[in-house]
Structure formats: C-alpha cells, structure tokens
C-alpha cells in the first residue's frame, strides 16, 4: 500500500463512471467487483484489479464503495474476504452507497472497531451526473477523513456536504426525497385540477415556469404527466419506500407530517394500481380521476 | 376618443407603475382613481385625468382596470358614473384585477350586453414585477381584443397567456396558488423534519438548491423559515383563501385533492394561531412542533 | 285564533307524520302546503286547512314549519301571503327545517322584528322516526318558547335540546354530520383493509359489534358495503355537502380538521365517480381499490 | 400428562384471571410464570405449578400462553427450558398474546415442525372482561384445535372467531385497532369543532348517544375529553403503534388509507407533545387548538 492509493468496490451504473473519473485525474485506483468481468474497462483505463474486497482494502489507503443496497453493502463489509478482514489503523472506508441509518451505523462501528476511519457519503444524482462528475455527496462520520478526500469528491461531484455523525447522511437523503415526493404530489394535484377545469396543462406548465416555483423537476416531469408516459428515472416504488422511511423517522421523533403522509397514500394507491415500476411522476395516475 | 387611446382605472401599488409603463412607451393614457390625489404623479408623467370611470371610458378606446378586490371591481363597473354608463360598441374593457370566476363572468356579460368587448387578465407578480414591466397576464375572454393589446401587455409584462372563455383566468390563478400553497406545505415539513433529525436547515436548503427541485421560492422563503420571521409578501390568510377556493373548485368538478386539503388544514391551524397576517411561509409555525 | 292553536307549514315526507302525531294527541292544528292536495289526509284526521302561510299563522298561536331547504324556508316566510305578513306580537314561529346558519338568523331576525318569537329546531332522524314520534330536536333561539312547546316536541320526538342563540341548531347539526361522515370514512378503510388482508368482512363486523365501537351505523351499513349496494337513505352528495359546510365552519373559526378534510376528499372522489345519489356509505367505492 | 390437562404460561394482569376462570370451571391447570411468586394465588385455587415452560408443556395436552409482547412470547418458546424443548406430536399450543404477524408465523412454524398443533388467538378486551370471562378471541391456525378448545375459550370469553391461517388473528386486530384510532380521531375533531362553535360538548355527547353513531367508546371517552383528563386504559403510544402497523399492512397490500394516515399523524403530534403514556383519547390534545 502506498499513501494516496484508492480502492473502489462496486462497478455498476454509478461506480464505473465514478472510478473512471478518479483514474482520469491521475489517481491510483484498485478496483474490485463481485462479477469480475466488469473490471475490464477500468483496468484498460489504468486501474489495478483486486481479487477480493479484502485485497482491495489491503492495497489502498482509502477505499470507496458503491453497492446496490443495504444487503450488498453489508455483505461486502462483513462477508468472507470482506472489508473487515483487511481493515486496520491507518486505513479508511467511504461508503457512497445509499443505505439506511442503521446499516450505516453498523458498518461504521465495525470499521472503527478495527481502528479504521469511516465516512458515510450517499450521493444525490443518477447516471448522468456520475459520468459528468456532477454528483452531490451527503457526508457524515469522520470529519478529518472528509477533509482529506475533498480532492477526490471534487473529481466525482460538484458539491459535497459534511453533515455530522454517521446516520446524518442517510437522514438528509430521506428528508430530501420526502420533500420531493410531496412536492410531486402537489404538482400532480395542480395538473389534475387544471385538466378538470378545462385549462391546458401545457399552459399551466408555462405559467409555473415563469414564476417563483420554477424548477427543473416540473419542467422535466410535466410533459410525462401530459403524455401519461412514465419511463422510470426514479421508480415510484423506490420513491414511496423513501417516503415511508421518512414518515417513520418523523414518527420516531414525534414530528407530524400530514401533508407527506397524505401524499404517501397517493403513491400507495398508484403502486397498488400497478405503477410501482414506472417513474414516480406516475403518482399522477392515482391523483387524476376520469372526467 | 381617438383610436389607440387607453384608459386606466385604479392607481394603487400595482396600477400606478403599470400605467406609468404605458406612458413611458408613448401611449396616450387617461387615468381615474377613486381618490383623485393619486392621479397627480401620472398627470405629471403625461396622462390626462378623468373625473369618473365613465368619463375615462368615454375618452378611451380600451380601458384597463386594476382594482383591489371583487367588490371594488364590481362597484367601478356597475356603480353611478361607472364603466357601464359609457360602454358602447367599439369600446373594450380589460380587467387585470384578481377577482373570482363569478365576478369576472358577471362583469363580462354586462360589458358585452352593451356591445363592448371584454378581457379578463389577472396578473401573476407583485409590486416589483409591476414596476419592471415583468408581470404575467392570465387572459381569457375576447381573443381578438387579446391580440390587439399585445403591444400594451408586452410593455407591462414579460409574458401573457390566452386561456379561453371568461373564467379561465381566475381558475388558472387558483390552480397556480393551490400548487404553491401545497408545495410550501411540503417544504415546511421537510424543514421541520430536518430540524428534528439534528440536521442543519441551511444545509438542506443548499442541497435542495443543487438538485431537481431548485426554485426561487425555496431560496427566498428558506431563510424566513430558519429565522422564524415572516414579513408578509403574500399574506397567509390570502394564500389560505385561494386554497379554499381551489378546493371548492375541485369539489364542484369531482376532483379529489387530498394533499392540498391536508395542506390547507395546516394553513387554517396557522391562521387560528394568529399568523394570518404573516407571510404564507408562516405555515411553518403550524408544521413544526416543539422539540 | 285561540290560545294553544298550532299551525303547520309544509306537508312532505317529514311534515305529514309530524302534524298527524300532533292531531292524534288532540292538539288543534291548522295546516298549509304549497300543493294543497297534500292537506287532504290531514284534514281527514281533523286539521283545519289554511289557504296561505299567512292565513295559517293568523289562525295559530304557534306555527311549525318543515320545508325542504333554505330557499323554500325563506320563500314561505318572506314571500307573498307569507309568514311575515301575519306575524305579530304574541305569535311564535318554530322552524324545524334544516337550513344553514345564515338563513336561520335571517328568518329569526325578521320574525322578532315583527314582535314574534322564534325557535330554530332542526331535527335529527328521518321518515321512520318522524312517524314513530322518535325525532330529536336541536333547538336554539327563544328559550321561553322552547319551554312552552315541550309538550308538542315530546309528541313528535323522543328528545329535544336547547342549545343557545339562533344558529346553534344548524351548527350542532353540522358537527354531528361531520363526525358521522369521518366515522364512515374510518369504517370503510377498515372494511377495505380487511378485504385486502384476506379477512372476511362479515367477521370484522361481528368483532366490531362486540366491542367498544359497537353502533347501529356499522350494523346497518356494513352489509351495504359487503354487497356493494347503496340504496340512498342519506344521499352521499348531501353528506358531502354537510362535511363541506362543517369544514368551512372550522376554517372560519381557525379549527383545523385534517381527518375530516381527508375524509371529505374521499366523498368528493366518490361523487366524481358517479355515486352522489347513492347512500353515503358508497364512499366505500372511493376507498377500496381493485385487488 | 393426562388427556384434558391444560397449561398456562404467563400470569400477569390478563393471564391470572383467565387461568382462574379455567380452574373455577373444574379444568385441570398447570401454571408457570417467569417470576414464580405470581403462581401462589393460582396454586391456592387448585393449580399445579411447573418450574419451567418446558415442564408445563410436558404436563399438559394443551398449553395457553399470555405473554407481554412479541419478545416475551418468542423467549418463552425458543429460550432454554422453553416450549419447544417439550413440544411433541399430540401436544398443542395456543398463544393468546398480542404479537405481530411475523412472530405468530415464526412460533407457529416452530411448533408444527416439532409435530405440535398451533393456534394464534389474540384477545380483544382488557382486565375487566378477562375477570368476567367476557373476552373475544381472534383465532387463526389449526381449526381442529380451535374446535377442541371451544369449551375453554367459552369459559374465558364471550365469543371466539376462527379467521383462517396463522397471521389472520394479528391482522384482524390491526384492522380493528386502526378503525378505532381513526374513529377516535373523527370524534375528537367533532368535539373540538363543537367547542370552537360555542356548543356544549356535553350536549354533543347526548345527541350522538341518541343517534345511529351511539357507541360505548364515545360514552366512555367523551367525559375524558371534556375534563381533559386521560388516565391510560389503552395508552396512546400503543394505539399509535397499532395504527403504524396497520398502515404498513395497507402499504404492503397496495391499499391506500388516507383517513387513517392523517389520524395517525395526529397521534404522532400528541405523542410528540408528551401524551404517549396517556389514554389514546388524549389525541384530543393534538386536535383542539387554543381559542
């Protein structure tokens, strides 16, 4: 292991372009993926390849991980030839996967128990921003580590936040996604009322785009609503899951969230009607009613 | 009356700058205001002054009106020496006041019964945009008239829409304001959950501003929420009134609007707690609870 | 006019059995109905017949009125040959119709301005209780008058309440009907969840009927829900109208009512889907979703 | 073990009177409790005492269990000297504790894997009904076993239901408690609106008690609301937990439950304001607002 060597675990839709961006800026990167075939394009771009997560951690001072879900994130850390087997004092682990509060805490404790440093850093943004280095990192955990990896986060993203102790990253993501889900619910009610009122939805979109509410989401999703076509960018069932988790957080903290709870029921109605795999804007299908 | 002469009734916060913008572009304008003192600055800027609404209409081919509310808008039309007394074929009336559906229809019918042409054109935007000629006009009624006054609307605003038969302007305004009220409710729940979760509200604002939901309203009202200071730009009681009217429209059309109905109850809670005269972002006071 | 002579205006489904019950107990009753044919069965039972509302009031010391709606109630009082023409000091008027707050106040003021006494007394109960003398009277206005007519109210009903100044009767009715509408909404959600959960709705009804929530409404409406058959006892559109008016009352008083507002939107959904003329239990059609 | 010998595990507020009722009818009962001191009064009443759950099962053909919560119910089955160690073909286990869907399934599978028979039988009713033998049993699982223990259930309760496969008992309880929580929410909104409207809450209670909505719960909790005193019969935090679980069930099944979701947020508001340990009628504290 040389100082300033980086590991990258998980080479999916997100992880591959993120690791490529690190390589392109001249950083030394060792990669690993469960299906090793996915390592090829990275090796071609100059990466070293490890045969296990443990070997990757061993070869790196700081290891990033972008795994699919909490189960995968846990398996890579706690499983055989996993991260923990090679974690020691002086090494660091940065989990940029989207996991829940609890999983983040569990992983963080295991890493620090081994003497390592841990940063939770879920991202806001999908495939496009990952490729363009325009992600947003919602970081929490070891602040010194956060400062040290600023150059790497700056390569992969346009902005990063340090939010506090481990768990804060996951919570911020829930708050953001709850707000987004409720805002979409409000938007769909406006679109539905416009149609029932004999107004052109396209004109409502234009009016909204000229005023204080103008935002990329209305602009992007408005035409979907008009065409009633919802190819999945952010699947409705995932949006609804995030609202459920945010409502559970409010429940636990004694914070009533009636607008979001009501919006959540609209998503449940849409999901129950078979729109779970459509884009979350398909909540419109549960809002509008036949004329 | 000469062709291309304009009347302007109502010289308040909005009407004064709108009429001034017309004058500044060289249009011939005759003004009238119930309190005639308010005519002085316009006369100085080149306007003629009429001694009654009827006289103003008589002197003009097209008369604009910007009155405070439905009662004032009706009084100026139907009252003694009012608009109707001078309305004849060949004359036009453009009401840019914010009135309800029914008042717009009643005025429109009275104007057309006299042979005149009518356009309902409520504006989106407040004092600043009025001064800068950046208003948005939501027009409905006589489409030929709409086309003819495009040069004048372009002087006073940045964009105008023609929405259909009289009433459509009022309905569009309700749809927009309902969407705004619910979106603000969603935003305040996000801000409240952030605080209860131990997150910095300022960081949530930054994250929101970098993503798909970024919009001027969150940017403008976020700091108000953080400071819990709500100087009235759009008073909460007016925002709640618009939500009530929009919900009544949904009721009448058989369009359920549960998210907006729930948000409306939060505004009622805020109003009941004494925040009716604060800015509508003060709905936050009804959303957040003590820690 | 002799002391203790009663008038009765309005001989519909409710008024006819109410007046008959008065006659059966030996009270002297003069009747009037807009369509005079409906007086026949009453005259046969011993009633005198008046040719106008005014004549009926003239012949009676205390006149009851059971009219269809606020418009009819107002017409009978303010119209030609109406109640007001014959109202004088020493006479009393008891309006048992269901009218709104404002109509009750307007009629009350007109009666008392003529020197008469006024009692608002909307009833709870429909055709069956009217026939069996089992109505409930929600009275407000002149308390002395209320005391004097106790014998008559006891003949027509099983219980009467004195609630305060005019308007209180109408408000009590709204509160009761709002509670009923929301409780029905809660019930329908329970029934829908039972079905989705693979439970027998009939077993849920049995369990509910054995516990603290046991009530005649669940017992009566449960089988309707199971059969999805909703013959109108209390039409959904009327139930929804009462919820709308109750929510407006809460709005005016600064009392948030989110559960009722959400239930109201379910009624609007049901109404929009064509169930307005069905029984109000048809809100179930808006609650349940296809499996 | 003799045929017709019964075991009883868990001698708390509910279990003690239930076991006593069995003894009083002459059934042979062996008891066990974690804190053995609680066995004394039962032994005095004729019970045999076992030194462990396993010993109790060994001595009995059918064993009942009334444990505090899912954790306790699981510990008694799976722990050392627990139920499973003695479970064999020919023996039966009837869990009358209130546990969740999943715990019921897990216990049921373990019992049947050992060759035993299992019945889930959560009760509706609290201390009083337990003493008076007036409980309601919501049974699911082995139907033959259900039939065989009818005499015992009839001694402890007034009614029992067989609902289907294991899990149905837990689901029925959630449906019932969700309906109850929402109905209480509706009731509290009615009471709050009455007060704000200047009506006497006591009169509203009387009116409700005379009509189709009359039920023991309004009668019992109405005075609590009037006095704003909420000694815990069913603690609010437990009522809210059941609503949360019922909403999660609806979520999982695609059944939207907006009225209950909105009521749930009122309970969360009440819980957040410190009323979690009060009776669930204390949701009134979250509904009413200062005048």
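The letters A, B, C and D name the chains in turn, as written, and every chain counts its residues from 1.
The definition used in the following text is that a contact is a pair of C-beta atoms (placed from the backbone, for glycine too) under 8 Å apart; a residue touches a chain by one contact, two chains touch by 3 or more.
Here is each chain with its UniProt name: A, B, C, D = Oxidoreductase glyr1.
Quick caveat: nothing in here was measured; it's all calculated off a predicted structure.
Q: State the smallest step count from chain A (Oxidoreductase glyr1) to chain C (Oxidoreductase glyr1), taking one step as a move to a touching chain.
A: 1
Q: Rounded to the nearest 5 degrees, what is the angle of the rotation that puts chain C (Oxidoreductase glyr1) onto chain D (Oxidoreductase glyr1), matching CA atoms?
A: 180
Q: Could you classify the chain A (Oxidoreductase glyr1)-chain B (Oxidoreductase glyr1) contact as same or different, where same means more than half of all interface residue numbers appear on both copies?
A: Mostly the same residues form this interface, as more than half of the numbers used are common to both chains.
Q: Measuring centre to centre with CA averages, how many angstrom lie between chain A (Oxidoreductase glyr1) and chain D (Oxidoreductase glyr1)?
A: 41
Q: Could you say which residues in chain D (Oxidoreductase glyr1) touch two or more other chains, in rising order?
A: Residue numbers touching two or more other chains: 250, 253-258, 261-262, 265-266, 269, 272-273, 289.
Q: Have a look at which chains touch which and call the overall pattern line, ring, star, complete or other.
A: Here the contact pattern is complete, since every chain touches every other one.
Q: Over in the complex, which chain C (Oxidoreductase glyr1) residues touch chain A (Oxidoreductase glyr1)? Could you list them?
A: Touch list, chain C (Oxidoreductase glyr1) to chain A (Oxidoreductase glyr1): 258, 262, 269, 272-273, 289-290.
Q: Would you pull the chain A (Oxidoreductase glyr1) residues touching chain D (Oxidoreductase glyr1) in the complex into a rising list?
A: Residues in contact with chain D (Oxidoreductase glyr1): 240, 244, 248, 250-251, 253-258, 261-262, 264-266, 268-269, 271-273, 286.
Q: Looking at the complex, which residues from chain B (Oxidoreductase glyr1) come into contact with chain A (Oxidoreductase glyr1)?
A: Checking each residue of chain B (Oxidoreductase glyr1) against chain A (Oxidoreductase glyr1) gives 124-125, 136, 138, 158-159, 161, 163-164, 168, 171-172, 174-176, 178-180, 182-183, 185-187, 189-190, 192-194, 196-200, 203-204, 206-208, 210-217, 220, 246, 249-250, 253-263, 265-266, 287-289.
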